[in-house]
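You will see two complexes here that share subunit A, one where it goes with subunit B and one where it goes with subunit C.
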Partner chain A sequence: MIIKNSIEGSFHLTGGDFTNAGIASSELKSILTELGLDDNVIRRAAIATFEAEMNVIIHAIAGTIYYSIMPEHIKIIVNDMGPGIEDIELAMQEGYSTAPDWVREMGWGAGMGLPNMKKNSDEFKIDSVVGEGTTVEIIINIKQGLR
Partner chain B sequence: MTFRKIIATLEAEVIFNSIDIETEIYSVCSTDLMSDLLRFSIPESLLITGLTQPQVVRTAEIADVTAIAFIQDKRPEKEAIELARQKGISLVVTRLSMFTACGKLYVEGLRSFPEDNK
Partner chain C sequence: MNIHEIASKLSLDVKTTKGDLEREVTGCYISDLLSDVMANGKEGDIWITHQTHPNIVAVAILKNLSGVIITNKRVPEEDTLKRAEAEHLTIMTGQAPTFEIAGMLYHFLRC
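Right after this comes the complex of A and B.
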């Protein structure tokens, strides 16, 4: 599959909205599937986006997912308004989570989301300002052999 | 292991089925942690879980799970069943505990990523 022009779009996310949580990532997954991209590329993009989406739902107030699908790679930026992260290095560690009990009862809060995003990305960046919000940037290469 | 054999081994009740019952399922992930499922499962696996809310089905969709077995007679919520229908993920319920469900499937030869596929 060769993508000639970039395909772009965005989804709005509302913090705490567990009813609709995951719909954006599911839609992005459908778009990538329709484009006929490699299964593994689709899977990695879907997982990384979903973890980022869930972090906005769980930890932030509101956010936006921007995606652009280019010939060489998929870029996903998830931007939120929220508490931000004080110590990013700590937050990136497997098992570190500040999720409250009621979130853990739903199966979230293992502290694996950020490590999962990084693992599934070819490039991963995270930026955060305490009291303002967090931005993650996920890049996944489309061309086979690059990973 | 075929889906048919999984259902028989778990003495499970089928809530919703979208696949050929003879479909081979090669791996299993038993967890109540969504990020663990996303991290450790491989596509076309069976998920064994005690969580019943729609979020589980949503996560299963992202993780390319083929079927979900709910343990200890836990019934998936109505919205979870509806979402599974839309996404074509099969749902079964077993009276067995997590331990016994996994043990029985293991004895019958089903194995789990990542231990055996690292």
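Right after this comes the complex of A and C.
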């Protein structure tokens, strides 16, 4: 599959809206599937986007997922308004979570989301300002053999 | 072995009507942590869990799992079943504890 022009779009996310969790990531997955991209690329994009989506729903107030699918790679930016992250290095460690008990009872809050995002990305960046919000940028290469 | 055969061999209640009962089950993953399933579940796995809320449908669909078994007499929430029907995902419940269901499944999938 050769993508000539970039395909872009966005989804709005609402913090605490567990009912609609996953809809944005599923839609992105459908778009990538329709484009006929490699299964492995789709799988990794879906996992990383879903974890980012869940983090906005669990930890933030509101956010947006922006995606652009380019000939060489997929770029996913998830930007939120929320508490931000004080210590990013700590947050990136597997097992670290500040999720409240009721969220943990749902099976979230294992502290695996950020490590999952990183593992599934070819490039991963996270930026955060305490009291303002967090931005993650996920890049997944489309060309096979790069990973 | 497909979903239908597993449901009948393990005496599971199929709670959904729109899932593909012919879908082949290629493995199994057991966890109540959703990000753990996102990380370690494999396409085609059947997922055994205690979680009953709608997010399990999102996880199962994104990971292309073959179905979900909720064990220990737990009941899926109504919204979970609605989401599952919309996504054509099969959700089943089992009376037996996870250990027994997993034990039987191991036997059928590996032996």
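In the analysis below, the second predicted complex is superposed on the first by the 147 of 147 C-alpha atoms of A that agree within 3 Å, B and C clash if a C-alpha of one lies under 4 Å from a C-alpha of the other, contacts with A are read in each partner's own complex, and residues count from 1 in each chain.
Please note the rule applied: a contact is a pair of C-beta atoms (placed from the backbone, for glycine too) under 8 Å apart; a residue touches a chain by one contact, two chains touch by 3 or more.
Keep in mind that this is a model prediction, so the values were computed, not measured.
*Asks:* Does the superposition put A:E34 against subunit B (first), subunit C (second), both, or neither?
*Replies:* A:E34: touches no partner chain.
*Asks:* In the overlay, answer first, second, both or neither for which of subunit B and subunit C A:E89 touches.
*Replies:* neither
*Asks:* Have a look at where A:N116 lands relative to subunit B and subunit C in the superposition and call it first, second, both or neither.
*Replies:* A:N116 sits against subunit B and subunit C alike.
*Asks:* Contact-wise, after the overlay, does A:A46 reach subunit B, subunit C, both or neither (first, second, both, neither)?
*Replies:* So A:A46 meets both subunit B and subunit C here.
*Asks:* Could you say whether A:G107 touches subunit B, subunit C, both of them, or neither, answering first, second, both or neither?
*Replies:* Both partners, subunit B and subunit C.
*Asks:* On subunit A, what residues does subunit B touch that subunit C touches as well?
*Replies:* 18-19, 21-23, 25-26, 29, 43, 46-47, 50-51, 54, 106-108, 110-113, 115-116, 119
*Asks:* Enumerate the contact residues on subunit B facing subunit A in the complex.
*Replies:* 32-36, 38-39, 43, 49, 51, 53-56, 58-59, 61-64
*Asks:* Quick check on the complex: what are the subunit A residues that touch subunit B?
*Replies:* Those in contact with subunit B are residues 18-19, 21-23, 25-26, 29, 39, 43, 46-47, 50-51, 54, 106-108, 110-113, 115-116, 119.
*Asks:* In the complex, go through subunit A and note every residue touching subunit C.
*Replies:* Counting only subunit A, the residues touching subunit C are 18-19, 21-23, 25-26, 29, 43, 46-47, 50-51, 54, 106-108, 110-113, 115-116, 119.
*Asks:* Which of the residues in subunit C come into contact with subunit A in the complex?
*Replies:* 31-36, 38-39, 43, 49, 51, 53-55, 57-59, 61-64, 79
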